[in-house]
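In C-alpha cells below, several structures.
Here come two complexes built around chain A, the first alongside chain B, the second alongside chain C.
Moving on, here comes the complex of A and B:
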C-alpha cells in the first residue's frame, strides 16, 4: 500500500484536471445564470457565444504571433482576450437589439425566448464554422508546464508524478479574479445592485426608476465577457473545436441548474460538481486502487465506470435528477 | 378654494377591456391623508394606479400641483415627486434592507444619507435589521421597508395600496401612526384600505367607491358618522 503515490495519482489525473474544467464550466454557467436571472430565459446560444469569442481571440492571437508579439511564458491568447470580449459584447448587444428586444417588448413567454435563442445558436454556429472551419485549432503557446511529471518525480523521489499545466493554473487564477470582480460588482456598485434589483422584482425596479435598457445591456456585456473568458480558457487547456463548444452547452446548463438558476454562487458550485462528477466517473481508477489495495485485491481491469465517450451522459443524468428531486437547485435559485 | 395638490379628475378607463373606473374623481391636499375605501372590486386600487399612470385613462386627467401629468409614465411621475407602494411584491426580497432603501433612491444622484437617516428614525427597527435580507423580515417590517423605499426619493405625494393587508391589528395601528407622522412632514398621503374604519379614523378626506364611481365623499369623521356608509360598508 502506498497512500502518497495514490494521492499524487489522484491529484494528477482527477483533482487538477477537474479543478480547471470546473472553473471553465463555472464561468460559462455564470453567464447562463445571469441571463436567466435578468432577462428571464435560458440562453441556448451561450455555447456558441463562447465559440465566437474564442474564435475572435484565436484570430487576434494569430495576428499578434505573426507580428512577432508574444507574452513570453504566458499564452499570447491572454493579449487577444480583450479583443475577443469586445467583439463578443458587440455581437450580443447587436443580437439583443435586432432580435431579443422585439420579443421582450411584446412580452413573449420565456419558452418563446428559448426557441429564439436556439435560432441565434444555429446562426452563430454557422458563422463560426464559416470563418474558422470545423477543424480543431490549437492556439496555446508559452510555457507548457508549471510543474512537469519528470520534475516532480525528481523533486520528490516518488514513483508517481504530478503535472500542472500552465493553462490549468491560468484557468484557476483567471477564474478566481473574474468571479471576485463579478461579486464585487454585483454586491457593491450602483449598477450591480440595480441588476440584482431588476432580477429580484422587475416591476418594483421600474417603480424605482431603474432603467431597464441599461440593465439589459450591462447583462449582455458581462455575459459576453464571461463566455469569451470561459471559451478561451477551455480552448487553451484543451483545444478549440466549434462542435465541442456546442456540446459544452449541456454541462454548463447542468451546472447552472444544479446550483440553482439565477444564483451566481450556485453556478460556481454547480460548475465544480459537474466537472468532478464527469472526471471521477470517466477516470480509470486502476492505478490509484493498485496503490491503495493489498496486492491480492489489486484490480486487473480499468475500473472505469463509463467510457469518456459518454461523459456528456454524466451531466445529463445529474440534470435530470436535479430537475426531478430539487428543481430549484442546491442554492435555491428559480424553478425552471 | 384652490385646486388640491394631486387630483385625478373624472377618470374613466380600465386595463384595456371594459372600463373599471367611471367618471371617478379623487384628490388629496398638501400634507393631508386621503383614504379610498369600498367593497371588493370597486376599483379602489385601479383608481390609485390610474393616478400613478399604470393604466391608460380614456377620459379625465391627473394634475399634480396644477400641472397636467396625464400623459406621463409612472417613472416620470416618480421624478415629479410621486411615490407608490404596491400592495404585494413591494420589496426586493433577496436584497438587504439598506439595499432596498438605496434602490428607492436610485434616481437621486445627490447624497441621500440624510433621507436614509430620516427613514431609519421613522422606522427604528429597519436600522437594526439594515444588513438583513428584506425577505427574512416579518410582514409588518416588510411594509415598513416598502414605505421606506418609496420615501427615499423624497416624494411630495405617497400612494399606498392596502399597506395593512395581512398584518396584525397591533402592527396596523403602529403603521397608521407612522403614516400620520409622514403626513405631518408635509407629504400628502393617498391610500387604499380594507380596514375602512381605522383608516377613515386618520383620514382628512375619505372616498367610498362603488363600481368604479364616487359614492360618498367627505372628511373621515363625516363618513364614519354617516349611517348609510356605516350600514353598507363598515358593518353597522
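Moving on, here comes the complex of A and C:
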C-alpha cells in the first residue's frame, strides 16, 4: 500500500493530461457555443476552422524559425498565434459576408444553415489539405518539460515520477487567461453585453438599437480566435493532422451540448467532463491499483475499461446520456 | 423535353464522351461507382428528403454492409472457431442480454434513486461478466496464425447473399440507433450519428477477430455470375470471340467484367427507385412529407411521428447497407481504414442535395454526376495541374501543387454544394 506513489501515478497519467486536454476541448466548445448562442446554428466547420488557424500558425512559426527568431524556452508558435488568429478572423468574416449573411437575412431554418456549414467544412478541409497536406506535423519547440520524470524522482525520492510537459502548462495558463478575458468581455464591456442581449432575445435586442451586424462580426472574430488558440494548443500538445481536427468535432460538440449549448460556462465544464471521462476510461489502471491494493489482490493484466481506440465512444455515450436525460445540458442551455 | 430528361441525356453524353476521349474502362469504372453512390444517395434521400432526418452516419452503414460480405462469403477459419468462437458468441450474447435487461428494468421500475442504482449495478456486473467471458476467447482467436488469419472468418456462402444480409445488418444497427437517438433535435441527431459511424468503423478497425481489423481481408469471392478476368483470358471460346471481333483480350475481359457489374447494380437500383417512387406517391409518402413539413400538425392528426421516423431511418439505412455490401463484394476486399466520413457520408449528402432532396430521380442524377466529377478529378487532377503549373519554374512549389491536386476535389465539392444551396436550394431536379 503506497498511496503517495499511487497519487503521483494518477496525477501523471490521468489528471495532468486530462486537464490539458479538457482546456483544449473547452476552448473549442466555447467557440461552438458562442456561434450557436448568437447565430443560432451548429457549426460543423468549427473543427476545420481550428485546423485552418493552426495551419497559418504553423507556417508563421516555420517562417520565424527560418529567420532565426524563437521564444527561447517557450514554443515559437506562441509568436505565430496572433497571425493565425488574424488570418482565421479574416476567413470567418469573409465566409460570413459571402455565405452565411444571405441565409441570416432570409431567416433560413437552422437545418439549412447546418448543411451550409457542411459545405464550408468541405472547402476549409480542402484548403488545409491543399496547403499543408494530410501528413502529421510537429511544430513544438523550446523546452520540452516543465518537470521531467527524472527530475521529479530526484527531487522527491519517490518511485513514481510526475512529468509536466511545458505544452500542458502553457495550455492551462493560456486557457485560463483567455477564458478570464472572455468572461470579462461578455460581462463588462458594451459589445459583450450587447452580444449577450442578442443571444437572449434577438427581437428585444434589435428594438434596443443594438447593431446586429456588429454583434455577428464580433462573434465570428471571437470564435476564430478561440478556434485558433484551441487548435494551436492541441497541436503543440499532441501534433497537427487535418483529419484529427475534423474528428475533434465530436468531443467538442459533446462538450458544448453536455454543458448546455449557448452557455459559455457550460462549455468549459463540458470540456473537462468529456476530457476526464475519456482519459479515465481509456487509462490502464494497473500501476495505480498495484500501489493501492494489498499485494495478494494486485492486478496482473491491464485494468483498462475500454481500449484507447474507442475514446470517441466515450464522448458519444456521455452525449447521448445527457441528451436523453437532460436535453438542455447540465447548465441550462438553449433548446430551440 | 422535360427538365430531368434533358439532364439525364446530358449525363449520358458526359459518360459516353469520357469513354471516347479517355477509355471505356475509365467510363465504366466511374459508372459502377456512380450506380453504387446513387443507391446510397437514394437511402439518404429517403431519410433527408422524405422525412427531414439528419443522418450523418452513412459511412457507418456502408461499413456494416462491407462487414456483411466478410461474414457471409469469406471462408471460415476452423482453427479460429474452435479456439474461441463459442466464447465470443457467448460474450456477445451476454452483452446484449445485459443491455436488454437494463432497458427492461429501467422501463418497469418507478423513477427514483433506486432505479438509477439498480441500473448501474446491472451494467457494471454485466460489463465485468462480458469482459471475463469474451477477453480470453478473443485472445485465443487472435493468436491463431495472426499473420494470415487471427479471425473467425465467414460462412463461406455465395457473395450475392451478402447483399441482403448487409441491408439486414444495417437495419438492425439503425433500429438500435434510432431507438436511442431519434428523439433528438435535428442537429443533435447529426452529431450523434456522426459519432456512431466513427465508432462502427473504429470497431471494425480494432477488433481483429471480426474481420482482421487494419490487416484487411482480401480475396473475397466475386458475386455470381461475374467472371474473373484471368479466367476469361484463358478461355478458348472467349479468345476466339475476341479475335473474331478484333478486340484486345485483356481490355475486353476487363470491360466485360465491368459491364456485368453495371447490369447487376442497375438491376438493384431500378427496382429500388420504382419502389421508392411508389412509396413516395402512396398515402404513406404523403404522411411522411406531412410529418417533415409540420411535425406538430401531423402528430395532432394522430400520426405517430416517432414510429414513422424510426421506420424511415431503418429503411434508408438498410438501403445504404445493401450498397455498402455491393461495393465490398465488387472490390473483393474489406479495408476498414478506407472508410472516411468525407467520402462516404458527406459526399453522398452532396449527391442527394445537388440532385434535389425529396426526389428519387434527383438522387440518381446527383449520384452519377458527382461520382463522375469526383473520380474524373482523381484520375485527371494531377495531369491538369501539370498543365496549369506549366508557367511555374520547377521546384518546391510546383511539386507541392501537383502532389496536392487530389485535395482539390474537396474544395470543388464544397463550392458546388454551397453554390447549389445558395442559388438552387431544391437541387437540379426539384421535388414536385
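Here is the rule we use: the second predicted complex is superposed on the first by the 335 of 336 C-alpha atoms of A that agree within 3 Å, B and C clash if a C-alpha of one lies under 4 Å from a C-alpha of the other, contacts with A are read in each partner's own complex, and residues count from 1 in each chain.
By definition in this document, a contact is a pair of C-beta atoms (placed from the backbone, for glycine too) under 8 Å apart; a residue touches a chain by one contact, two chains touch by 3 or more.
Predicted, not measured: the structure shown is a model, and the values here were computed from it.
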Partner touching more residues of chain A, whether chain B or chain C: C
Touched partner set for A:206, first chain B, second chain C, both or neither: first
Touched partner set for A:150, first chain B, second chain C, both or neither: neither
Contacts of A:319 with chain B and chain C, given as first, second, both or neither: second
Partner chain(s) touched by A:193 [first = chain B, second = chain C, both, neither]: first
Residues on chain C engaged by chain A in the complex (per definition of touch): 52, 54, 180-181, 183-188, 190-192, 194-196, 198-199, 202-203, 205-206, 340-342, 346, 349-350, 353, 403-404, 407-415, 417-418, 421-422, 425
Chain A residues touching chain C - in the complex, by the definition given at the top: 41-42, 44, 99, 102, 110-112, 114-116, 118-127, 129-131, 133-134, 243, 246-247, 249-250, 253-254, 257, 307, 309-310, 312-313, 315-316, 319-320, 323-324, 335-336
Residue numbers on chain A that touch chain B, as the complex places them: 190, 193-194, 196-197, 200-201, 203-210
Chain A partner contacts - residues on chain B that touch it in the complex: 74-75, 78-79, 84, 86, 89-95, 99, 102-104, 106-107, 149, 153
